[in-house]
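Structures given as C-alpha cells follow.
Note that chain A is present in both complexes that follow, paired respectively with chain B and with chain C.
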Partner chain A sequence: MKIAAYLHAFTGVLKREFWRFVQQRSRFLSALVRPLLWLVVFAAGFRAALGVSIMAPYQTYITYETYIAPGLCCMILLFNGMQSSLSMVYDREMGSMKVLLMSPMPRGWLLLSKLLAIALISLLQVYAFLALAWLAGVEAPPLGYLTVIPALLLTALLLGAIGLFLSARIRQLENFAGVMNFVIFPLFFISSALYPLWKMREANEWLYWACQLNPFTHAVELVRFALYQQLNPSALLITLGSTLLFALLAILGFNPERSANARARG
Partner chain B sequence: MKTRLLLPTLLCAAVATSPAFAALAYISNEKDDTLSVLDLSSFEVIDTVAVGQRPRGIALSQDGSQLYICASDSDTVQVMDLATRKIVAELPSGADPEQFALHPDNRRLYISNEDDALVTVVDTTNHQVLAQIDVGVEPEGMAISPDGHWAVNTSETTNMLHWIDTATHQLVDNTLVDQRPRHVEFSRDGSRIWASAEIGGTVSVVDVASRQILHKLHFEIKGIHPDKIQPVGVKLSADGRYAFVALGPANHVAVVDANSYQVLEYLLVGRRVWHLAFTPDQKYLLTTNGVSGDVSVIDVDKLKVIKSVKVGRYPWGVVTQN
Partner chain C sequence: MAETLIEIRALSHSYGARTALDAVSFGLRRGAFNALLGPNGAGKSTLFALLTRLYRIQHGDILLEGESIARHPRRLLRRLGVVFQQSTLDLDLTVLQNLEYHGALHGLSARQSRDRAAQELAWLGLEQRSRERVRALNGGHRRRLEIARALLHQPDLLLLDEASAGLDIASRQAINSCVRELCRARGLSVLWATHLLEEIRPEDPLVLLHRGRVLAQGEGAPLCRQHGCADLPALFQRLTAGDGVQAA
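Take a look at the complex of A and B:
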C-alpha cells in the first residue's frame, strides 16, 4: 500500500472530524466554558491569593489559577477523548462505521487516523482556552506555548486511546453517563490536575498513590513542565507507555461486528 | 599564530571576569545566625557564613569592602571583611541593635537599640560611642538624609519619626505616623521620606523641609484580609519611577508610582516578606521572605517575579554589592 493512500485515508477521517467539530458549535463552546468556569469560579473560591509554594517546574510562588491551568488543558483533552468514544458508539449504531470500515486500509490505521484527527482538533480548543486564560492573567513563558504542543498531542492520543478502548466495551449510547461517572471524574479528580501531589500526600497517603497510578496525573505533569519549557522524563515515559498500551488494547479489542451481531441475536 | 594566542587570552579573560567581579547579595538569616551569599548572575547561594546571634540589619561600607551586621542577641554590631568573609571587629552598639544606617561620611553609624529606646552613634574608625540619643519606645527604622544633615529613626511603640540633627546629635522634632513604623527611606534628592507602618497598614510620605505628612498610601489586595497587609521594607528605584513596599504576611510586594503615589501592581513573593534591595544595576529587586526562608527576585522592568531562592531560616536583611 502506498503512503499516499494512507494519507488519503487520514485526511478523509480528519475532514470528517473537522466537519463534525464545525457543526457542533455548542460542543466547542462547552469544551471552552467548562475549563473557564473552573479557572474563574473554582480557583477564585479557593482563595489562594497568598500563593502556592514553589515546586518544579515553577521557579517562584504562583497563584492557584496558574497551577490548575495545565490540568484544565488536559481536562479539555479528556472530555474530547471520551466524547470521541461516544461518537464511535454513535457511528456504530448509525451505521456510518461500516462505511469507514469499507476502506481497504488496515483497521489499525483507520483507528490511529481517528485518534490523530481528534487530537489535532482538541489542540485548537486547548489554544482557545490558553488564550482566554492569558487574558485572565495566567501567563506562561512565550516559548512554552510552542514546547507544550508535543505534550498536548501525546496526552490527546493517550486519552483518545483510552476512549477507543472503552468504546469497544460500551454497547449502547445511553451508557455514556456511566463513562462520566466511572472514567472521567476519577481520572480528573484523582490526579495532580487540581492539587499538587505533595498536598494529596499530606491529606492521605492512599490518595497520593492512587494519583501516582493514574496515567492522567503523568500526562498533566508532562503538559505542566512542557508549558514551562521543561521536560519531565518520567512523566514522558509513563504517558508514552500508557498510550501504547491503551492503543494496542483498543485495536485488539475493536470489533465492529459485535453490536450488530448482538442485535441480530437479540 | 593568531589562533594560538587567542585561546589563552580568552581563557584569561574568562577567569578574570567570572568569579571575582560577579555581583553578590548578602542576606542575614535571623534564626540560623548566618549570612547567605547569593551570586547575582546565577541567583544561587554560593556561601553561608556563621555570624553573631540573631543577625538582622546589615549595611555595606561605602567602598563595599566591609559589611556591618546587627547581631541583635549578641548586643553588638559586627564588622565583616568581605574579601575573607571573616569578622574583623565588633562595635559597641548598645543593647539589641536592630537596624542602623551609615552616615555619608562613611564613619558614623547610627544604630537603633530596640530594648533601650536609644539611638547609639558609633565611630567605625576608632570604635568609640560618640553619642546616645533618647528616642521613642522600641526604635527600629533608621535612615540618613543624602546630605548627611538628618538621621531619622522610627519608634515602633511611640509611632513617631524622630528627627536627629547629625551635627549636634540632638532630637529636633517628631512626626506622628501610623501604628508601628518599621522602616524609613529617603528619596534620592532628600526632599521626601517614606515611612512604613506595619500595624497601620500604610506608608506615609513625609516632606523633609516641613516634616509634615504629604501623602498616605493604602494597600488592598483582592482575596487577602486587610489585617495581613503589614508594610515593612520600602525601596525607591534610582530612576525615581517606582517605590516598592514589602507587605509582610500578605506575601506581596506593592509597586507604587513614586510620583503619583498610585499603587500599580502587587507582586506575589514568598511568605512574610520583610526587606528589599536592588541589584547594583537596578535590574532586579531582591526580597527577604522570613517565614518561607527564601529570597524572591523581581525583574524591575517587567515587574514580574522571576525566581525564589532558598536561603537560611528567617532571612531578614539584604544588601547587594558589585
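Take a look at the complex of A and C:
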C-alpha cells in the first residue's frame, strides 16, 4: 500500500474527529467551562491560602492563577483523552467500530491516526482556553504559546493512549463511570497541576512520591516549562516513555473479539 | 478464471463452550447472487465476522482464489464490501461525510471518494440527500447508503448480512432487486445472508446453514428435486423441521 493511502486514512480519521467536534458544541463548551471555573472561582479562593514562592520555570513571584494555568491546559487534554476512550467504547457497542476495522490499513496505523487526530482536536480547545485565560489576565510570554505546542501534543498523545488502553479493557459503556472515579480524579489531583510538588512534600511524603509516580505530573511540568520557553528534560523523558508504553499497550491490547465473546457468554 | 471466488473450508468457531460454527464448508460462485439462508442463531453473523477478519479463525480456513486469507488478510479486505446486520453508519455525519470517511480508510483521496460517492449515490437514488445527516434518513435510505459505502472502494465481493432486516416489504424488495441488479450489471459477486425465503430465487446458488452446520448447498431447484420437495419452503421445512426460517 502506498504512503499516500496511509496519509488519506489519517486525514479521514482526523476529518471525522473534527466533524464530530464541530457538531458537539456542548462538549466544546464544557471542556472550556470546567478549567475556567477552576481558574476564576477556585483559584481566586485559594490564592490567599496558597502562596507560591519563586520556583522554576518562573523567575519571579506569580499568582496562583498563573501557576495552575498549565495544569488546567492538561486537564482539558485529560478529559479529552478519556472522552476518546468513551467514544471508542460507544463505537464498539454501536457497531460503527467495524468501519474502522474493515479497513485494509494496519490496525496499528489506524489507532495511531485516531490518537493523533484526538490530540490535534484537543489542541484547539487548549488554545481557546489559553485565549480566555489571557483575557482574564493570566499571561505567558508570547513565544511560549508556540514553544508549548510540542509539549501539549505529547501530553495529548499520552492521555489519548491511556484512554485507548482503558477502552480495550472496558467491556460496556456503563462501566465508564468507574473511569471517572478511578482514573481521571486520581491522575489530576495526585499531581502538580494544582499544588507545587514541594508543597505536597511538606504536607505528606507519601503523597509526594505518589505524585512523582504519576505520569500526568511530568506532563504538567513539561507543559509548564515549555510555556515559559524552557525544557524540562526529565519531564520530557518520562512523558515520552509513558506515551510509548501506553500506546504500545493500547495497540497490543486492542481486541474487537473480546466484547463479542463477552456478549456471547452472557 | 476459477468459478469459485471464495472457498470456506471446515470453518469452526466457538464462544467459550458454545459452538457457533461446526466444520462449515462451501464455495462462493464468482459473479453470482449467492444466498446464505438460516434462521436466527444459525451462525451467519459469526461467519461474516470471520470473513471480514473481525474474528480470528480458530479452526479451518478461508481461501480467496485458492490462497489462504490468513497469509494476506488485508488483501481480502481490499476486495470486500460489507453491509452488516447492525447499522454501522455515523448518524451525526452527513451522507457524504460517511462516504468520505470510508473512502479514506480504504486509501482514497477526498476527491476520489467524492467522485465515486456521486456515482454510487446517483445509482442508488440518493444524490439529493448527500448533504443530509444520516439521522434524518429513513431505514430504507440508510440501507442504500450502506450499500453505496460498501461499493465505494470497488470491491469484487459484496457481503450483506440480513441487509433487509427491519425494513417494510416494499423496501426489502427494493434492496434485494437493487443488489441483484448490481450483480447482473457489474458482474459483482454477492453473498446475501437472510432468514427470509422470499428473498431467494430457485436459480440462486444457495447454502442452508442451521445451528452452525451446512445442511444443504447448490441451486435451489436441483436441491428441491434431490429431496423430493415441491419448492424452497418445503425443502427448508424438511431439512430444518420448520425451525425459524420464515416463508413469504
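Before moving on, here are some points about what is shown:
One rule holds in what follows: the second predicted complex is superposed on the first by the 262 of 266 C-alpha atoms of A that agree within 3 Å, B and C clash if a C-alpha of one lies under 4 Å from a C-alpha of the other, contacts with A are read in each partner's own complex, and residues count from 1 in each chain.
Simple rule for what comes next: contacts are C-beta pairs under 8 Å (C-beta built on N, C-alpha and C of every residue); 3 or more make two chains touch, one makes a residue touch a chain.
Quick caveat, the model's predicted, so the values are computed rather than measured.
After superposition on the shared chain, chain A has more residues touched by C, the comparison being chain B against chain C.
By the touch criterion defined above, A:S234 lies against neither chain B nor chain C after alignment on the C-alpha atoms of chain A. Of the two partner chains placed by the overlay, only chain C lies in contact with A:K98; chain B stays clear of it.
By the touch criterion defined above, A:Q23 lies against chain C but remains apart from chain B after alignment on the C-alpha atoms of chain A.
For chain C in complex with chain A, the touching residues are 15-16, 18, 20, 49, 52-56, 74-75, 77-78, 80, 82, 84, 86-90, 92-93, 97, 100-110. For chain A in complex with chain C, the residues that touch the partner chain are 1-2, 4-6, 8-9, 11-13, 15-16, 19-20, 23-24, 94-96, 98-106, 110, 256-257, 260-261, 264-265.
Residue ranges of chain A in contact with chain B, taken from their complex: 44, 47-51, 53-54, 59-63. Every residue of chain B that touches chain A in the complex is listed here, in rising order: 221-224, 228, 250-251, 268-271, 292, 294, 296-297, 305-308.
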